[in-house]
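Each of the two complexes below includes chain A, the first together with chain B, the second together with chain C.
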Partner chain A sequence: MNGLLVVWESRDVFLWGAANTLSLVLGCLLLSIPIGILGAVVLTEAPDPLRRLFAEAVDLLRCVPFLLLAYVVYYGLPELGLRLDPWWAGLMSLTVYTTAYLAEIFRAAFRAVAPDNIEAAHAFGLSRSLIYRRIILPQVAITAAPVIGNQVITTIRDSALLMIITVQELTFAANFVSANHFTPFAPFAAAVGLYLLMSFVVEAGVRRMERVRKGRYG
Partner chain B sequence: MTWPAIRTILDGAVVTAALAAVSILLSLPLGLLLALLREGRIPGVPALLAAFVSLVRATPFVTLVLFVYFVLPAAGLELEPVPAAIVALTLNTAAFSSEIWRSALVTFPRDQREAAAAFGMSERATFIRIVFPQIWRANLGPLVSEVTILLKCTPAVAVIGVVEITRAAGRIGAETYEPLPPFLVATLIYTALIATLVRGQRVVERRIARRFGLARP
Partner chain C sequence: MAETDAAISVRGLCKDFDGFEVLRDIDLDLAPGTTTCILGPSGSGKSTFLRCLNWLEEPSAGSVHIDGKPIGRSGNGRATRPMARRELASTRTSIAMVFQHFALWPHLTVLGNVTEAPVHVLGRPKREAEEEGRAILARVGLTEKADVYPHTLSGGQKQRVAISRALAMRPKVILFDEPTSALDPEMVGEVLSVIRELAREGLTMVIVTHEMSFAREIADTIVFMDGGRIREIAAPTDFFTNPQSDRARRFIFRP
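And now, the complex of A and B:
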């Protein structure tokens, strides 16, 4: 039980790591959900050359491994004269990457909204932006919740890769403690436990949305 | 970048491709096996597998790699970096693909199973002759997506010292003090690999469509 003791004694490191993981993921979601929605609007509404360009960019980003994107952002920005510390470089790469996926998710969800809803809104003379705000987005928030939940879990998983560009997140903490105390099992088990906890919270949120959906649409 | 540097990264690409190929060949059948066991009737097994899948689903891949590499030796199973990488990749993709296989098994038309049973086919024969040929074709898309995710996971095995594309690029960056060009080349190679896979999927889908009509059952 030596390992558990080690984890308990280095709880500060773990809490700091978990706080960094959480702040990265939350910051990323706060940025990438609105940008993803805007991107999806461009993907559905924009005239053809622009739309095609956007779709290609999104597809390209979805072909790149996240770690490589993080490396390119981390090492590339200084070349452009922008020096960021690892946390900010991590947040930026996580946001760009997640936004590409979310834009695709929202685009699919927009298309799944029943066309008669939109036609009815047109018939009532609602403006385009009002249709998005009042008709499409509220439905999308409910119907796309499971897919968005999956994406949030993926983002939590991806954030662990940022340890490689020396962001001090949860996996970094586990690795640090395990290397310093030569007890691999307990630190990694603790990290996995904390990740599980985060994913349970996300899944609980999705279930809650599911209940709302059942209540409204049967 | 010099030619030897590019050669080093290309050598890394061979390692990445080999790692991915071995892990795909191991993990997709293992995922199918997990799905079958989870739908099976052995008491306790479905619950255990469900727990395993949600554990892997929540664990970041790097954490899984570090876990396999550092923790299994403590349990008496010493693994070199490359086998450890294959084990981690296989566990990860098996867990995710088992969900794809499972949803295919659950939604498989019941009448076909009943018809096979009425013809006196054993459960095994039904699976091999009726169910499997249809579900792999119908789920080619999700399975290929899973494989592209596997490829996108491979850079994480660089942390335990496997010299694949990312690690090779990192080395060159450290030698030349210019990390950006090798990482851009590495990104290009990954993109090409993944785009090739997706293109391959489209070709196979077209062939299936030509031979069997629609690709869906």
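And now, the complex of A and C:
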């Protein structure tokens, strides 16, 4: 009971934390989805030396533990003269990391579009950019929605690690409240609840795209 | 026929895949407003030849002109160079194609499939294109299917949508790549009757088909291919009653 009271009384700390988590994740998606799409285009279309280089970079990034990447950005870059606020360092590491995954997801999704309807698009005189915009990407949005949704949930979870570089996101807030009031359970449970809520919203979006997919592809 | 009067003019067209010769030195002129059926055994190069006409397959040598304009390579005589992508795309707008497996765009409605290229490639106003699209769908008997998605249609209906998509471009030429080969037998008729109607209206069409009696009925010209070459070009009655080559004779009078 006492724990719940603590959570309620520290609600503005939680809200601040949740707001930071949300702004980081949304900012990250706003950047990493378009960059991921461009990256996938490079991975699909670019001539070989460039394409190979890109593929290696993406693979490398996907091998690095996220926490390590955040450390490098926050503690390492200042040594090279780039000092970022925790929030911006968090956004940068989250975006770089998510982009690498999304580029690979989009590349696979491009390949899954039926070649015959891309060929038909060529035959009807659609330019390459029209083919991406009008034929490939709309289909990718529909068919790859579950995988993209998964990645968004992973990004939400990864953002919790940013407390280590002192970003005041949701996990940081829960930790702060529990340390100040010596009640670990309720604050962390509240944070878990808020993370769940965010995942539910993503899931709802995915289910909606799934309905669209059923309507169009049977 | 002078090269420039032809709807399609092909000169010295060759195609090989990794050194394997698929098409050998093909010359062909097709008059505007005519229907040409390309016949021949499997593997004779018919479909490859058709796909060279809109450069979906790039020939190893030779030239193709559509309505007097070169496709795939620009310039004249020996001094030709590959077309820029954009130029190739815009040349292709005058040649529409109907595919064996329909190749409709699954994320667009039937009407969306029909208006996609007219609106986004030719830049026609959307409302005008939709009106015209609905009129074309009515002609092929699909009025009430305009707003559904392709996966709900039968094979015959899909192919009629594909034909509508081709017509909506108001192309100089329509290429048909075995338009009925992927259909259930009872749906072949509905597609053939649409094509028959188009032939009557004087569209320029090139049809690769195995439907012999259909070819005989609607073609102005039969092109018979074998082993990557054109073996015979003839009017249908001549071709079917009195083929000139042994190979054609064996093809027609199969036991």
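Rule of thumb we're sticking to: the second predicted complex is superposed on the first by the 218 of 218 C-alpha atoms of A that agree within 3 Å, B and C clash if a C-alpha of one lies under 4 Å from a C-alpha of the other, contacts with A are read in each partner's own complex, and residues count from 1 in each chain.
By definition in this document, contacts are C-beta pairs under 8 Å (C-beta built on N, C-alpha and C of every residue); 3 or more make two chains touch, one makes a residue touch a chain.
On a predicted model such as this, the values are computed, not experimentally measured, just so you know.
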Contacts of A:176 with chain B and chain C, given as first, second, both or neither: neither
First, second, both or neither for A:54, with chain B first and chain C second: neither
First (chain B), second (chain C), both or neither touched by A:215: second
First, second, both or neither for A:88, with chain B first and chain C second: neither
Contacts of A:135 with chain B and chain C, given as first, second, both or neither: second
Partner chain in contact with A:120 - chain B first, chain C second, else both or neither: second
Residue contacts on chain A - larger count, chain B or chain C: B
Touched partner set for A:160, first chain B, second chain C, both or neither: first
Residues on chain A lying within both footprints (that of chain B and that of chain C): none
Residues of chain B defined as touching chain A within the complex: 54-55, 57-63, 66-67, 70-71, 73-74, 148, 151-156, 158-159, 166, 169, 173, 179-180, 183-184, 186-187, 190-191, 194-195, 198
Chain B-facing residues of chain A, complex: 60, 63-69, 71-72, 75-76, 79, 153, 156-161, 163-164, 170-171, 174-175, 178, 184-185, 188, 191-192, 195-196, 198-200
In the complex with chain C, residue positions of chain A that touch it: 114, 116-117, 119-128, 130, 134-135, 138-139, 142, 215-218
Chain A partner contacts - residues on chain C that touch it in the complex: 54, 56, 85-86, 89-93, 95-97, 99, 101, 103-107, 116-117, 120-121, 149, 151-152, 165, 169
